[in-house]
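Mind having a look at this structure? Questions to follow.
Think of it as A, B and C in the order they're written, each chain with its own count starting at 1.
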């Protein structure tokens, strides 16, 4: 009734290529953007920001990054935790080494450094495929965590091995450190998310996106029709690494403030982001957001209901969380391997006809 | 002979033993992969679950005690009995077979014909599920496991090597027992796979599900059988590791260690799992012994993976894996 | 025998030029199996060259050698007069050689339009950063190449399925999409591996018409593997016959049809 394409014809290829071809979708997108930038900053408090919005935004970036590598290009990576650590530690060294340069640039450079490291660990993908590659990325995961644990230069020789984000501000507004305002942190991350999501959207709808998907679907045929597999895979690792690095840098500097590498960036982090893109939908930017939202909200929800509501001990809630996440992964893979994004797409298809049956 | 060399020999021997234990876990992977093309990430958690169940049954713990207490406000923990190891093992084997049946019915029957990566991710989900389930059922505290296996330093070897080198090698009895059991297990599995009807059917299923179906092999039966076998192997691995270091969460991380073993040995080869395990076991310990002190130690966290990675770059199918010829 | 370096005009007005591709003494082995045994033949510019023979003769392997996927242990490939050194398949594609596959190699996760657009890869030059920005160079290039692709879609009459994910299409349409993808590359040489396989009479007529149109309108040289003898005799200018990896016949369709070795190995005698 309200979700219609009737009369909405595209007369140029440019229009056909838009992200939101249906008018209703476009207006919805503008509304969400307006709410995100102009409304929410005035309404949120510390709890909401730290428990929900910041992790959501930051994980969304990591999820998009991993989705580009796994969902679009088909290269399985279990090293996300390690690469986020690279972003975090690069940011730390930059912040402490060059205190006068703006945090914004530090984050971007950290992303670049992570892209480089990711490409390095991605080079074996030219010879190794599938599971073997997944296990090879574990080498990256374990080696990097060990590296940041054992080599004192990375944590500026501090006694505890922990890294702490010094206070930084942008336009005279504090963003990192204990004195930062919730809304400032939120907006800072939101800007990154918006820009990076747009970039991801542009890349995946263009030539490079098609190249990635060709490699994913049938890499031999892709090569025969002219895809340079080296360039395609390396670019996927590089772009993915950049996103994951930015995510790690933000995770450390804005969200946590202090990090101990073994706890925060271990193998469980790699699985967490992987689950986000499985549940959310492989090969979908929207899916990355959906998956990130889901896996950030689930523990919060469980904790509030079980511990807050029913009075269960926290370790029981934690066990149940594992159980539910594991079950959900299996259920999604069986029932809807294309994740929440597919459910959303199907819902929209039905909505285009509603209230008519066909 | 120099001291370093003698210590080195001891490290080498211990490495071999560790390698055997890795190989045990890797065996479970190979079985399931051979029969269903599924890389079972949950194998490690299965070992943990099997060990937990064994301890739980032997010590007479109430399943889901923690949960029941939280729901109903009760205070129960134990039934009050203690069972001998033999009964515990039998019950656990039955439990693992039941688990295999459930996994087959509820999960993998619905995923027939899916791409390998989807199957792999399903096993990751299964691992998380089983971990949460196991913790809910038996509690996540560290448990001590004792099925009567001999432990402690082997005195015979200690005295003999002292006589030869002036330094007694510390070789744990448990490791020797593990080696023997692993060897027996491997031999019986190889005989099973090569010479029995079910073993042949298993290999057919590993090659092509559809083709196996068309000659009348019941996929479901083979898969339940294979997962039960893998469950049994997991139990053996769980007993060995659990006796060594207690039954706790870190047991499931052993599975992660088995991955480089498989990468070296190839995913489909039983002898490959053994050789890969030995190489990783020795390599790890020797590297830590020789290079560890120079770089701050704890190289065992990553050495196996990097070694496997380097190896794979030069030989993508592992030592014994089949070379894949791609055709268009 | 015609001198292969001089061009000539056929009965129906097409110009066939000199030799554009030549295989000299190609031998291809897989371990102990010899797939191709010392085969030499050439392909002339603008002609339609058929490669025929029983199953397992090595025809697809030969096509794979031409597209650079397999590198022969012995022998050389000459392209446009020059020796073509061993190179990666994507480099061969850049030389202007496109192909279709026996067992459809489309990208099942993408739409028809996207699949065909992948054929335009070598014509799209915008770099990573330009694409990240999208507005400007990348978008203009995308639109320009989309126009080329749309012309091909019109040519092959697949407009109605352009946004359909390829995995959902019936076999015949998939084959057409694969042809479109190959055409999108604007190749000098088009290799078709059993383009008529699994089609009924009507679909074969459509496909034959498309192949002839491609050759006629764009002057594309075509090498095709085909089992349907009627198609081969009607479409092709010259035919190579392979059997057990060896060449047993080479010439015009009429010459080959009457070649005893070919009759014994493959064609058989008609009983009328």
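Basically, contacts are C-beta pairs under 8 Å (C-beta built on N, C-alpha and C of every residue); 3 or more make two chains touch, one makes a residue touch a chain.
From a predicted model like this one, the values you see are computed outputs, not experimental measurements.
Colleague: With centres defined by CA atoms only, which chain is the most remote from chain C?
Modeller: The chain lying farthest from chain C is B.
Colleague: Of all the chains shown, whose C-alpha centre falls nearest the centre of every protein C-alpha atom combined?
Modeller: A
Colleague: Taking each chain's centre as the mean position of its Cα atoms, how many Å separate chain A from chain B?
Modeller: Going by mean C-alpha positions, chain A sits 33 Å from chain B.
Colleague: Taking the mean of the CA coordinates per chain, how far is chain A from chain C in Å?
Modeller: Here the centre of chain C sits 42 Å away from the centre of chain A.
Colleague: Please report how many Å separate the Cα centroid of chain B from that of chain C, as a whole number.
Modeller: Roughly 51 Å, centre to centre.
Colleague: Counting only residues that touch at least 2 other chains, which ones in chain A make the list?
Modeller: Within chain A, the residues that touch at least two other chains are 220-221, 224.
Colleague: Pull out every residue in chain C that's touching 2 or more other chains.
Modeller: Chain C, residues with two or more chain partners: 69, 101, 105.
Colleague: For chain B, jot down the residues that touch at least 2 other chains.
Modeller: Only 328 qualify.
Colleague: Can you list the chain A residues touching chain B in their complex?
Modeller: Residue list for chain A touching chain B: 76, 124, 127-132, 134-136, 138-139, 142-143, 145-146, 149-151, 220-221, 224, 267, 271, 274-275, 278, 310-313, 315-316, 319-330, 333-334, 337.
Colleague: If you look only at chain A, which of its residues touch chain C in the complex?
Modeller: Touching chain C from chain A are residues 12-14, 17, 199, 202-203, 206-208, 210-211, 213-214, 216-218, 220-229, 235, 239, 283.
Colleague: Help me check something: in the complex, which residues belonging to chain B touch chain A?
Modeller: That would be residues 39, 66-67, 70, 107, 110-111, 114, 116-118, 120-122, 124-133, 135-136, 140, 256, 259-260, 262-263, 267, 295-299, 301-302, 305-306, 308-309, 312-313, 316, 326, 328 of chain B.
Colleague: Quick check on the complex: what are the chain C residues that touch chain A?
Modeller: Those residues of chain C that touch chain A are 67-69, 88-90, 92-94, 98-99, 101, 105-110, 114, 117-119, 121-122, 124, 126, 128, 131-134, 138-139, 141-143, 146-147, 150, 181-182, 185.
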